[in-house]
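Structures are listed in the sections that come next.
What follows is chain A paired twice: with chain B in the first complex and chain C in the second.
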Partner chain A sequence: MMKYFKILLLVMLAFASCQNRSGSAKQKKIAIIVSTLNNPWFVFLAQTAAARAKTLGYDSKIFDSQNNTALETDHFENAIADGYNAILFNPTDANGSVVNVQKAKKAGVPVFCMDREVNSPDATSQIFSDSYSGCVALAKDFVQTLNKKGNYVELLGLVADNNTWARSKGFHSLVDYYPGLKMVAQQSADFDRNKGLEVMESILQAHPNIDAVFAGNDAMAMGAYQALVAAGKADHVKVFGFDGAEDAIQAIKDKKVSATAMQFPKVIAQAAADDADAYFKGKRDFPKKLPVAVELVTYDNVNDYIAYGKK
Partner chain B sequence: MKKAIKYILAIILVLFIASNSIYFKKLSDVKASAAKQFDAAKYARNYLNTQLIPAADKAPQADDLLAILKSSPDTAFKTYSHGLDIGNIRFFMVQGQGTVTAVDENDIYILTKDKQALKIAIEYVFGNALRDAPGLININDFTNTMDLNNIAAEVDKIVRAEVLPPIKSKIKTGDKLTFAGAFELNQEHINLDKIEVIPAILKIDK
Partner chain C sequence: MILSQYRSHLVKFQSLIALVLLCIGIGLLSDKFFTVDNGWNVMRQISVNICISVGMTLVVLTGGIDLSVGSVLAIGGAIAAGLLKFGIEIPSGNLYIGFTLLGSILGGLVIGSLLGLFNGWTITKFKVPPFVATLAMLTIARGFTMLYTKGFPISNLGDSFAYIGTGWFIGIPVPVWISAVVIVVAIVITQKTALGRYIYAIGGNEHASKLSGINISKVKIIVYGIAGMLAAVGGIIVTSRLDSAQPNAGMSYELDAIAAVVIGGTSLSGGRGTIMGTVLGALIIGVLNNGLVLLNVSPFWQQVVKGGVILLAVIIDKANSKND
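Right after this comes the complex of A and B.
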């Protein structure tokens, strides 16, 4: 009798352990590693990804790389060591971040890139704004607003980021058809508002007679606008940004900024989290690259939009 | 004697490994092979001739497409629009005839047979409309996103260089026009008054 009882106990234990294992499979963890939390756009991206992960039933943690690839590497190593099952990744550097993606792949942890690309096929999928096409649309508005002539300044983002060059190339693919538009200065301000202000102040010393500024993101555009206000040129010089950030949308309503290109971080973050969920459920054939359309926002249609997306 | 053979074999082995570990290439050859990776201009020319123009010939008539966009926009987007991006921006192929009501430096304004007003772009023929509208390019065939961007830019360049000049110099109010091309619409904010067709084919009817 005792023998049968022991066998029954063993069988029950085996079932209990199976149940426990399937329960732990549900408790997968997702690491969200973003380039910086010093920019509200990336805060929104990270928080949206975390919220989606939670809705899908996963634990998640946000890591801030502070635009530093060495810190990003530490986050990857910690995430892998801590048993995170997937990484939603906003890279700091298209080339410098490749090693981290490779490290995760080697450890069997899928990486889903958000908003920025890495120059590597090892990411499971890359979902990003179609910055090039967004800047083609922005450039058309730029040329029309300036009536095909004038001097302008271009503020570039981080030089190691693919988005910086996708935006610049998209812009120039159209603007360079018009010889009446002369770029008098092109300088990086690292996608940063304070640097945008400083760089613009210094450019205005050398080139006081400008008609427009094209900035690779709204933070730099707002910094440039501040410099133009300080120089007493804000009424004449047209400012163009990119992102669809809250202050830029308000500035368009107030006719301080001419236009921006609206990205949809919510779409990007949710799609990346959904991909991680699909991966956990067995999907493997993800499109390597998935661009998200960017929309032009001007004074004429600004009421259709709120920060980071449509109304 | 045995030692000598061992040394000879070791030297041969070291030389073999060394010769296979290091190789030299001319920098110009490396640059040339990198440049050869993707020829967007060649791709665009081939795409235009073998895919875009045949797709333009089969595109829905402007009057029919505009009618369905007004009456049943969801069906119109599902049936006729394409786009490589996810999101609200979609592209349609279209063809038709019309009478020119006005011309300015950016557009030709026409009235179709069914009296629908439409704009044909003759200045800003940029963007992804002609690349995406036929729905024939697969994004997964391209590992480099910039290759796709360059295809759109090269197709637009051909239109600016070859399709527009013969028309821009001659077109005037009252002319009859045959056109085929593509346009962009935002599916969340449909504004049919702002449709601007990027032409792949543009002819003044005699």
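Right after this comes the complex of A and C.
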């Protein structure tokens, strides 16, 4: 008896959920799949996208790929099976994520890339931060601030991350032209504030007389600054970061950090959500790739900026 | 006879010998290694791992493992920072509770201990294997950290809080004092108390310990509670050193802690090992981290070298314990 009751219950449940789905078919749903939520920058990106989707009248859900392309594949499959009408996508890997974008296209679900690129023509639009050019601009300020001469340290992000190398290459594309600027150490600190602190502490033992630090993100820059404070060198070593995080903006105001490169996660996330909205309303011709400029923030213009954006 | 005696001494001091050899090697390659400044530097850096891996040693001695320490570290630090900076606000009751420095630290420690005790409870009450129970806690505690911080760091915590991680007391960095206290207390517990004897007994032979009347559940719950509390101590040190509670703090720290325990000669099947061994293990990892950066070794190679050292340590340990 109990067994039949359970089966009946299951059938009813299945029926109920079917009903539910057809009932909400008119309300479009947007999946927001981001590479990681373990970094405030991406949390901000995802939340902004969700907020915009809500304003535009859509349901949305955030999926965290935890920097794992395999998990990202699961999210894509689930989102497609669950009837999501569009995917706002922050890929884990430019090449690894290609199959996921293809899968969505096959299922007729448009994909709008945010911040990071994916090497596939199947994405409906790609709005990304121009990290390379941003770092060239940062490098220009770096060269000027140091007056073309000095020893510096570079802190790399995660060595397996595309952004790590885009930023590093952009920086070196200019700085390496100046023989007076000598990189005495290049180490990875995994985009992490604590690693930035520890690696910098050790580097300072080997190279006590440095003039500047270039860090691949603001978290590492703040960690490096903390190490410089502890070593009593914070006053004459210039620190350069990348991202435009809240701490870094405040530190530039306080003249603790020299400069950072501001990315615009808010602009990117909103534009991607707007693209999805336009797609639902019938638009089909999107620019395949749209780079969003990364702006240099120094003490001179820091008052124009807030965390992750312009005032 | 003399040879075997000599060998048993060698086994006892193998971690120490490895550490000394490592130091000499790095010292020969870099003249910056053997400086007082760098010595404090290494000690300060390993203080967090010492706190975690001492707790881990106690757990491993009972035959268990605690994979949740990194996440518990994160929430301990975040709670302490959050209480200090924002206090607790209950809008519905129009209530605001502020916290002093001591109160917020205590808050972090209490949360860490509670999560640890919860680990012990699920392991003993529901017979969940420690690997699974603490793996679940690894995710749960990280999730709570994200919920509490909303995914953003809590920064600018003030000078008195910064003293914990960056200050000096009688010529020695404060975090080094903290880790020294942790080590001494743990040694006293393991060597001089009934609890210590029970820990070794349970790890050696759980069934026999039960028959001899030891309350196994109680001992295990206490041990996981201590591990949780020590993880929170580590979290408070990290947070203070960075002047910021990072939601992703302590990620994969459990691996460094397990590495320290294993390099220190503690058997992963329980019952055999010492706190001092783990301290040496943590020192070896710390010196290695420091040395590889001093020598500007490529980040790719660093990972290979670190893994190789762990493997080597365990192989030597296995070979020696077979000889015993």
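Basically, the second predicted complex is superposed on the first by the 276 of 311 C-alpha atoms of A that agree within 3 Å, B and C clash if a C-alpha of one lies under 4 Å from a C-alpha of the other, contacts with A are read in each partner's own complex, and residues count from 1 in each chain.
Basically, a residue touches a chain if its C-beta (ideal position, glycine included) is under 8 Å from a C-beta of that chain, and two chains touch if they have at least 3 such contacts.
Just so it is clear, the model here is predicted, and its values are computed rather than measured.
K.L.:
Looking at the overlay on chain A, is there a clash between chain B and chain C, or do the two fit?
P.N.:
These partners fit in the superposed model.
K.L.:
Is A:185 in contact with chain B, with chain C, with both, or with neither (first, second, both, neither)?
P.N.:
second
K.L.:
Once the shared chain is lined up, is A:295 touching chain B (first), chain C (second), both, or neither of them?
P.N.:
It touches chain B, and chain C stays clear.
K.L.:
Is A:209 touching the first partner chain B, the second partner chain C, both, or neither of them?
P.N.:
After superposing on A, A:209 lies clear of both chain B and chain C.
K.L.:
Would you check which partner chain A:140 touches, where first means chain B only, second means chain C only, and both and neither mean what they say?
P.N.:
Only chain B is touched by A:140; chain C is not.
K.L.:
So, does A:43 touch the first partner chain B, the second partner chain C, both, or neither?
P.N.:
second
K.L.:
If you stack the two complexes on chain A, which partner ends up touching A:55: first (chain B), second (chain C), both, or neither?
P.N.:
neither
K.L.:
Give, as a whole number of angstrom, the minimum Cα separation of chain B and chain C in the superposed three-chain arrangement.
P.N.:
Minimum over all C-alpha pairs: 25 Å.
K.L.:
So which bits of chain A does chain B touch that chain C touches too?
P.N.:
The answer is that chain A has no such residue.
K.L.:
Give every residue of chain A touching chain B within the complex, in rising order.
P.N.:
For this pair, the touching residues of chain A are 117, 121, 130, 132-133, 136-137, 139-140, 143-144, 162, 166, 169-170, 173-174, 177, 264, 267, 271, 287-295, 301, 304, 310.
K.L.:
Give the list of chain C residues in touch with chain A in this complex.
P.N.:
Listed in rising order, the residues of chain C that touch chain A are 30, 32-33, 35, 37-38, 41, 44-45, 146, 150-153, 155-156, 166, 238, 241-244, 246-249, 251, 289-290, 293-296, 299-300, 302.
K.L.:
Report the residues of chain B in contact with chain A in the complex, numbered from low to high.
P.N.:
Counting only chain B, the residues touching chain A are 83-89, 124, 126-128, 139-140, 142-143, 145-146, 149, 152-153, 160, 186, 188-189.
K.L.:
What part of chain A is in contact with chain C in the complex they form?
P.N.:
These residues of chain A touch chain C: 37-40, 43-44, 156, 159, 185-188, 192-194, 197-199, 201-203, 205-206, 219, 222-223, 226, 229-230, 246-247, 250.
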